[in-house]
Amino acid sequence: MEFLRMFSGDLINGIILGAVYGLMTMGLSLIFGVLKVVNVGHGAFIMVGAFIAYWMFTLFGLPPLLSAILALIVGIALGFFFYYVVMKWLLEAPELSTLLATFAIGIFLAEVAKAVWGPDYRGYSWNVGSLNLGVTTIPMAKVYALLSSIVIAVALYLWFKKTRAGNALRGVVEDKEGARVCGINVEGYYALSFAIGIGLTVMSGVFITLFVPVGINPYMGEVYTIKAFVIAVLGGLASPWGAFFGGFIFGLVENGSYAILGLIPGVEPFSLTQCLAFAILLVLLLLKPEGLLGKK
Amino acid sequence: MNKGKYYPLFVAIGIFLVLFIFGKFAQGMWEPVALIMFYVAVGEAFNVFLGFTGYVNFGYVVFMGLGSYGMALVVSSSSMAGLGPWILIPGFLFAAIMAGILAAGVGAIALRLRGAYFAIATIGVNQGVKFFIEGAKIWGGSEGIIISKPLKVALGPHLANAVTTFWADFLVFMIAILAAVITIVFLHTRLGYGLIALREDEDAARVMGVNTTKYKNIAFLVSSILAALVGATAWCLKTTYVFPDDVFALSYTVDAIVIVMMGGTGTLLGPVVGGLIYGILKYWLGILLPGFQLLILAPFIIIIIILFPEGIVGVLKKRVRGKKLEKFIA
Amino acid sequence: MVFPFSFSAMAALPGKVVIGGPISLSGKFAKEGQQSVWGIKAMEKWVNATLGGVKIKGKKIPVAYKYYDDESKKEVVTNLMERLITKDKVKFTLAPYSSGLTLAAAPIVEKYGVLYNSHGGASNRIFEQGFSFIVQTLSPASEYQTGPLEMIKKIDPSAKRVAFLFQDNEFARAVAKGAEAKAKKLGFKVVFNRTYPKSARDLTPVLTELKNAKADILIGGGHFADGQLLAKQLDDMGINLKLVSILVAPTLPNFYQALGTMAESYMAPGQWGIGAKYSPAAAKKEGIPYFGPTQKEFMKYFLKESKGVKPDYHGAEAAAAFLAYVKAIDAANSLDPKVVRKVMNKLHFMTFFGDWKIDPKTGMQIAHKMVVLQWQGKKLQIVWPPAAQTSKPFYPMLTIKQRKAGKLAIVK
Amino acid sequence: MSLLELKGVTKRFGGLVAVDHVDLVINEGERLGIVGTNGSGKTTLYNLISGVYTCDEGSILLEGLDITNMPAYKRAHLGLARSFQIPRPFGQITVRENVAIGALFGTLIGEIGEDEALEIGEYYLEKVGLYPKRNEIANALTPIEKKLMEVARALSMKPRLVLLDEAMAGMNPKDIDRIVEIINKIHEEEKISIVSMVEHIMRAVVNFAERVVVMNQGKKIADAPTQEALNDQKVIDVYLGRFALEEQNA
Amino acid sequence: MLKIVNLEAGYGPMQVLWKISLNAEEGNVTALLGPNGAGKSTTLMSTLGSIKPWGGEIYFEGKDVTTLPSHKKVEMGMTLVPEGRHVFPNLTVRENILMGAYTKRASKLMKESLDLIYTLFPILKERPGQKAGTLSGGQQQMLTIARSLMTRPKFLMLDEPSQGLAPKLVGEVFETIQKVQSDMGLTVLLVEQNVDITLEVAKYVYILHEGTIKAEGTSDTIKHSEDVRVAYLGI
């Protein structure tokens, strides 16, 4: 009984963790999908978002849900900036060369953040109560993060599937030349999707602080980068809402398997949950080499 | 037999020789040279797979990590201490075997995946192995292995110190040369041609008679074992400890990619040039502006890649096509 | 015995005694590294300003601190260490931050036969490797979490159920081992013993399990970020305990800044804390000499370097390591590392950081005492050991409800 | 003895039967043309023979050896070579190296070294008229040149059977004549290869093929000597149409 | 309608076009012929703006559009049927077609355009859900033409539209081109290897060779000019 309580609590927490994972991956997926750019600097943009949330809250008492909007704007601006200054020149270059560029951008951002704000670990508390579900207690901030990520995922889905721009973007992804003769502004959409991808990522940094409101530091992004890569693939690269589902699976496995693995004597179940999450990634990839929602 | 095609190898070895002499005789330059050679070796080993197949082994560091574990396990096992300096031989063997077994396994399974899916699957392998070691508490779990003392017991304090401060670096030179030789052999044999064909178009290559599965696996295995050797020397022997957190850090894969891409993938001299530039830039910037070197390094990398999208050697190779220099650059 | 050529040796005395080492200003240890640099620079200034440098054969030679950024990377550390020793002529090296990096540079130091003072490499295992030139200024990892156990044993013998929840890494495990041994010795019942991986950003599963263990005391943590998270999530999940002592994180002002009154009454072990009672008077009481600046002077010099950022124990321990060199060189009256090391074996003195005395064989620190720090009324107080107390322990810690309501942990 | 024999070969994509129970015999030394409406399954048939796809039904025999389920690369070693309708060059390496890869992995696999392969490559580049471009990166060729390179690459494999998929589409008439001539010549000189081709350009088919197979909707609807097949009313109706006949007669 | 003056273009360091001038008269089919590698596709692509012209001017309906990005040109009523198909392989046939109606102007006329292209290429109506990448080569060619027609061009450039089409279809496509051209009042610039049919369809012909215009004239003159035929057209 005790076990079941724990297990169901873990599952609920897994869903919430998954939502955050999904959210932080959507931008990465979008950028990969459209520009075939593997953004190794992903985590640094998350860090920027986290700092925005932190500063807005500490300096002006601005609630994170509002600074998310600001973060989106800042992120989009950063996205356009780095697109025109760096990425634009590499579109024709071999795929991996953009990886180098994003690596450098990531370092650059982290180092600038360190130079400006110092290497301190910061945090803030946005106390908005908590939700008691019996098996577990969840701070409302996390609930907001969950809801926001669903809203954003749905919005992104609708944007992709229902709007003219989203449709055009699919054309750009499939064949540049083909898109061009249809009157689609290919370069414009490249810039736009890079900007939106970065915007989403920076914004997800804000939501991550709803989830983990502490430990905000110039190098905080690294952990998220690796996970975001894996989740992006799990969901089928190039599919932002696939990333969202990939996030759920990853979160569920990570948190949900703890109680079970805890039954094995003499091991560290928490580390094994991470091991299991990656093992499941491998198995899923073998069963479905294009990711969960990926297309052939 | 056309000897000309080995000229690039001599260029590479020439560069190594200059580095070696400089490091040995310029005061205080041995360690910087060793660092550069570490980058070169990491790049070369990585390039054997990436350059020839176009597959990105993002989990590359797992093989370096396993290599350093292999060496550490042998050196720290008391039953081997009697071997004296010979202990390094089973150490390298074990490192190679461990990496080889993992590579064969991963190759058989993950090499069916393409593009980014393969890349990320290998990240999964790296993280999986790391968390397994920590979670299942094998090989010291998260505490890792420290070989400083066992090495002294086996080799005596003097030799142990020489191994960690000179011979380990020297071995990195040797591994770099080995990797360069392998690269040039690959470049000029059927194996290499088959790999390049599969890099460019895997399906077409198969129809042309290339057994792509076999070739991919060979390159993967060779690259992984080279990585293991680098890990066993540059990490285990040199720093005398193996902590899982440290030896499975994906940032080293990113370093490898940066080095190879800066230099030029699929070329022999690319990783050498890339490693040189990366090492020298980091070293000098770090000396000049401690704490700000990365801030300056980042724009440098961006400029290099914009100017040389196919890497410095890649672009150079194109420039010298049809010229006299051509046969020296590959 | 004075040989004729000792004159020339005198003449060859350097214009400056350079003490230095690689330190992390980028990468994962940038925070600790930055504190260390400030601490050491502060001491460099203090030594030159008040003592005029080290005294060798009656002559005062100013000291200088030299460092490079090792990016928190092991392959960079060796590289920089060699440069420091050969180009910058450092004979008294300061180890980089962390046990791993300390180990990585050790062979180079050994090769050149210079001294190596660890101020951030706590792992006991470093000192089991048979190095002869390494000394330690901070207390080893095994000592970190023993203080809270000793304290609880004294003030509440009924609290028997102790839980361990550490990060899964080398340092935290070494701490855990020391704490476990101590707990056993003091007759505690370990009701929970788990770790969490470094990359975990959600500790709820392990905390759910912890909640069920019904512990009185929680001892754990690992580093900055995870420590903050641990405290935050304990509160989120409504886990009330009588005492929680977390490694590293609560020793920072930012801990309080992040958590607000929720941080009240959290404890942490520290190598040092602001307000520590180590003073010339205390030294006299112990019967050992006092060396270096007073607490007040240290604060003054440090704040000047850091432009107002308060020191935490990483700054203090690095500063103390620097002072230990100055003290030992003075005492040895020599710049020969071998001679200095011999003298070090016999030294026992106190600085603002506490006692300094090493085990002659291994170089491990044996006299320095850890303190237990606690957030009380928005201030970080030293609550243990009694001799160092700036305030009595607040026990049991405030409940979550009380802290949410903004109650402060003020000892009456 | 027949070189290649297809028995009831079938391939489905979902509900669509792209190749529908096709029986086909290709004789040694024969010049066969395969034509058919767009989407009639010609490329799919090639993919089945060369091993890119596996048959859903039926079997394929090469000199009596059942190769139905043999991996593509082994078929190449046995002497099957092809070009692609949409060219698939090895883009980042030189034209010469592209063709040399054919030589290295064709029927001569294991028998020749790199230098020899490069020589063979140059020989065939010379033949198709790409020798001046041998040191270019393959990606820099025009689509047509890429196709020519593919022909050279296929030939350098020293195959027994070459399958050319619209190798001449988009070429100007002069070039088509030239290429047909080259292929005919190679066919005669080397005696080894049987060239089978798929073309919509009747000019080429007529000048090249001795026999023509006509496909429609996955089925073989005619299989006869060239003139006979092309004058078949059924073929005219579904494939040639009014316009092309005029052209052919012009 | 379209006037190109002294156009120069190339790839990387290599110049391909050397001061090309040509004129496509409103409501006519103009053809650009020449051997492989002459630079025909390059001319069309730089006219649309897929590659940036190095020099020269391009006028469309009297306006200078040389530096205008391609999407603006499509909006104005220019488009191209590119060589080598360029369908959206993972989108369905229908999605491909609808993408052609991306511009505001085209989307208003979508219904009409659909009727038109479905009568031209009934196979596209039969396979709305098939992924374009799995169509046969010829089917893809039809799809590309259809997609470009969906943009409702006033000026249409066709780069070897008959390539890979069955003879019967070649005839039909050319009939279609003629029909569309006259019905919609389209101006067409046609690049083809199928010289005979092209000379039937086109009013005026330019001959491109090694990046320069070597000859021009009405199709009748070209048809009867033995020199041109032998030197450049290979017939």
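Residue numbering begins at 1 within each chain, and the chains themselves are lettered A, B, C, D and E in the order written.
What we mean here is this: a contact is a pair of C-beta atoms (placed from the backbone, for glycine too) under 8 Å apart; a residue touches a chain by one contact, two chains touch by 3 or more.
Predicted, not measured: the structure shown is a model, and the values here were computed from it.
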A-B compared against B-C, more contacting pairs: A-B
Between chain E and chain B, distance of the C-alpha-averaged centres to the nearest whole Å: 51
Whole-Å separation of chain centres (CA-atom averages), chain A against chain C: 36
Distance between chain centroids, defined by C-alpha means - chain A, chain E (Å): 43
Touching two or more other chains - residue numbers and ranges from chain C: 25-26, 168, 195, 197
Residue list for chain E, restricted to those that touch at least two other chains: none
Per-residue overlap in chain B, given as positions that touch at least 2 other chains: 131, 134-135, 141-142, 294
In contact (per the touch rule at the top): chain pairs: A-B, A-C, A-E, B-C, B-D, D-E
Partner chain D, residues of chain B touching it in the complex: 1-2, 188-190, 193-194, 196-197, 199-201, 203-212, 266, 318, 321-322
For the chain E and chain D complex, residues of the former touching the latter: 11, 35-37, 41, 83-85, 123, 134-139, 141-142, 160, 163-172, 174-175, 193, 195-197, 233-235
Of all residues in chain C, those that touch chain A in their complex: 25-28, 30-31, 33-34, 168, 194-197, 199-202, 204-206, 208-209, 212, 224-226, 228-229, 232, 236-238, 249, 252, 254-255, 257-260, 262, 309, 404
Contact footprint of chain A on chain B as seen in their complex: 50, 56, 58, 109-110, 112-114, 116-117, 119-121, 123-125, 127-128, 131-132, 134-137, 141-142, 250-251, 254, 257-258, 261-262, 265, 292, 294-295, 297-302, 305-306, 309-310
Partner chain B, residues of chain D touching it in the complex: 50-52, 71-74, 76-77, 81-82, 84, 88-93, 97, 100-102, 104-106, 109-110, 114-115, 117, 135, 137, 153, 157
